[in-house]
């Protein structure tokens, strides 16, 4: 087993991986940018080094600095988390060269599945259906125009590298194609360092259904069933659940088999996710492989009863999978909501800034994977994901209600977040019925605004007024009192060690 | 004691009067008795009649943030700068539309030039923050009067990037 | 289903039941004593009324006041939690008379199993083994002396009513018998309002293994497997786990069958627990039935994948059990640690007082059922239980490591708690090996003292010093600063609404 | 800057000296460089060399409470009343053992009378708190000099219940 692991990430996933290391008894080393000294993942780690300035390209995405940190701290393995360098095959190759174990697939498999185009070809060859799309790629506007016409509008502009909706755009008519390609390429370049773009047929009202897969170096491979991630905004998943309300036992088995074919065809090892679109008629199409631990991995952990991150580490260390396909089953239902620092009432504008007061929900079946803390700050430099709230219940409705109540006890004051919006998604009649598709948010929630009745408003105003009466009440009692520096914004960042 | 806040653009007043056990509250015609216990910094157990509420309050950005029963409220304090809720976006003053950055970030591109004619809905600037691009559009037809930023500039929330002179009529 | 439920309890179990009500969409009404207005369970409820002064006998134990509160608020059902009136058959009978559903067993079954002596007789009649003990009971010292001699020392002095180790004492020799009986009777009277005492043979080095059972009014009954609760202090469980490391599949099935015989013999309905002692040779003896939801129910919920409290409410409302025996299985392993306000380095003296600062652990597989909050106070009037920390893992060692790490991130400042002690229990080589018995704490942990090496002490001293430099650092920067009233004890109870 | 605290009955001093980035710390011969970031009220991210610690600090009862790496420390502030750690129990001064309540609670029973002879280990009083009884014993042989409380009395932490004159030798 590894003697020390470097976690080449930040935020909630870095915290998650640090926990896994701790539980395995392996020291966890963190890296951080100059903007992240006060981040939670740094405080949680056993060791930590600064790898550069705030911009990710100069810190978390800088391969030399990350590898340098691993060597400086004597780490024999690197867990890349998701995003940043997680699916960068050059990084994986560099690790292989430096004799540092990259906790993920081999660089060759990463390169293959990382290119959506090469992956399409490989997957088609083993008989797994793919979405009709352009056969090659290019940077020439005329070529895209021709291909789009051949595929038929609407088409989807996608980045060959990366994921998470970055560099992805739906184009309805030819006139919008060129700016969409240009914007997608720019975004992809910024996010993944690669501006390769291609086109795909846009499937109407599909569900996003993905299969968690796991393969070891002994030749064993299993799938850990599906996650449905249809609730998306700008192609970014915001609510995920498992099991999918849309799968029958037969379809689940068939898609699981297809996912394993993809694993085999690509020589994939360690944890990965095979993404499919499922159309309303039950046809599924391979989308891509996410060659990393996913943001939404906790719902699989809760329903299948495994620890995916610990398993990643064990498998990377050369151990065989600790479970076989026959050991695995789904029990109950789990839902995840992603808590973003975004303002859902204003087009989901990012809402960086200080978290004046926060309290995380609790209770049976509730799990919070968080990268932030009350009194901390959401940085403008990185993804707006703050935390993930996961609810498990014996059945879908029990999980859904738990999620709804948990969102109702998740105050995050000072910045706008998606909490109130998510609560309304979870309570939407169509969501309750499981009638979800990737256009759900645009179709059902486009004009969302927070609502509250007059009685609740009166209660809130009373709370505000009572809050303001406080210091006076104390002063009247003859006691020396001031508002705490930690209760007001602006001077909260007073560190004696700066 | 009266407390007045701005909420969703309108003024709201709540009156507290000492009662035998706690307060008599009057707010927009709603009356009730309330008691309050502090559960920690910014945390209260507020009881309105027999109905308890677990409320969370924080002060910052010239506003009071209140969370109760799953809802977050932002109350602007009287006379406070509206850094909190009154997000900039686009405002027309004297026939000039000021297109401003809706959040701190980096200008990716200004897609118009001075004196250029624009139509409502047209993208005039692209700003990136937290790894996502955001397109800023004009809400009016008109002519670009001034461009105040360029690609690569770091901009603050509410910083005006482009001014557009609205067309008559 | 019920239109409103009164929760006749306080602390963590009241909070747990409120969550269950919420998730079922049923309004939850709380009661509180004058000392408990600022308690968490009050703030969480939909409605709440004060039922009297701080002493439990004048509030939570006052049947008239509790029933009065239910009527005042229009509650058609009462959930009693554990302790207080939970196993008081007179209270259950009063509810029946008032047409309020008592969420628990029928009063007759409660009376039967509530008398340990009647329960012993009923259980013996259906062939379940019991511990040799006195055949009747009495208050006469000579009678006890004679019975003790017949049973053979060591004997156990026990209260006929109640549980939780209250009114229980081991007596090694005849000279200690009389004061033990006297003390036990007094404690039992105080805790349960009943000073009936009896004697039992003291089994040497037994494990405490109990079975969760559930019966509905349609005649269905199931068991939900065992919990091992051998880690006890003064007969009070402090660490529980499931599955028990001591049970084979065969023994588990046999004891589960025995537990169901007890259910049938006593006419028991709703959730209950059948407790056994298991001796080192694999012989098991019926101890008693706990006719309530148990403190340690969460470990069963996590391993069996059910919601016991929601099921209690549904069954009390007349619904059939939502699972059959064949649906139930154990998956993974769960451990619970009880977090008490007690000083383990000073004989577990109760440590009531203000919680200056607290933060609860988080992460995959971690659940905290808490009745307290940072800035709150642990009352001298009630049980010192503050919260329960539960850890689930795919296997015992994974759960154990998670628990250990979670205890290591559970600061509770201002009062002494059992956190550090529990961490050392969880990391004890004998516990790691599963070699547990009810004398474990006395045998292995009697001389426990907290330990820390010099480097950690230096770090802690540095933290203290840096904390103190803070206000000065701010003042030097020209900013107005005072310590917050909420960071110092003494004036923390400033409520504007008092 | 030197800071001195009492820990487990002994004085401990830690010295902080400003360094280029943070502090140079000296403590009982251990030296390291440390930086600190506040993570909230009483919460810090303390970095000693390359080793981060998430520490929690609170002040009260005349002491500083520190939680780090799963361990809780109580540091008595110089000159502070020892309400925090120096629990009463039983102390012998001038040959008199004072048996005191170890916590706030109610006296269930005083099991001795004035002038009664007692042996070390004998129970002299029973106090109940938080629903459990606690037996207080004498640690010396001797004679009961005074009884200061009776059954049913509410007593404070460290309140003396019984005084015992220790036997010579």
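Labels A, B, C and D are assigned to the chains in the order they are written; within every chain, residues are numbered from 1.
Just so it is clear, a contact is a pair of C-beta atoms (placed from the backbone, for glycine too) under 8 Å apart; a residue touches a chain by one contact, two chains touch by 3 or more.
Because the structure is a prediction, the values reported are computed rather than measured.
Steps from chain B to chain D, taking the shortest chain of touch contacts, total 2.
Just to note, of A-B and A-D, the chains joined by more C-beta pairs in contact are A-B. Averaged Cα coordinates give chain C a centre that lies 28 Å from the centre of chain D. One inter-chain figure worth recording: chain A and chain D are separated by 48 Å, centre to centre, where each centre is the mean of the chain's CA atoms. In whole angstrom, the spacing between the mean C-alpha positions of chain A and chain C is 38.
Looking at chain D, residues 23, 34, 36, 38, 41, 43, 46, 53-54 sit in touch with two or more other chains.
Multi-chain contact residues of chain C, defined as those touching 2 or more other chains: 466, 469-470, 483-484, 486-487, 494, 496-497. Contact residues on chain B toward chain C in their complex (touch as defined above): 21-23, 34-41, 43, 45-47, 50-54. Only residues 166, 183, 186-187, 190-191, 234, 341, 343, 346-347, 349-354, 356-357, 359, 380-384, 407-409, 411-414, 419-420, 423, 450, 452, 454-470, 483-484, 486-490 of chain A touch chain B when the two sit together in their complex.
In the complex of the two chains, the chain B residues touching chain A come out as 1, 3, 5, 7, 12, 14, 16, 23, 25, 27-28, 30, 32, 34, 36, 38, 41-44, 46, 48, 53-61, 64-73, 75, 87, 89, 102-105, 108, 126, 128-134. Every residue of chain C that touches chain A in the complex is listed here, in rising order: 16, 19, 22-25, 298, 301, 305-307, 310, 322, 331-332, 360, 362-370, 393-394, 398, 401-402, 405, 466, 469-470, 473-474, 477, 479-487, 491, 494, 496-497.
Within the complex, the chain A residues that touch chain D are 30, 37-38, 40, 42-49, 73, 373-376, 484, 486, 492-498.
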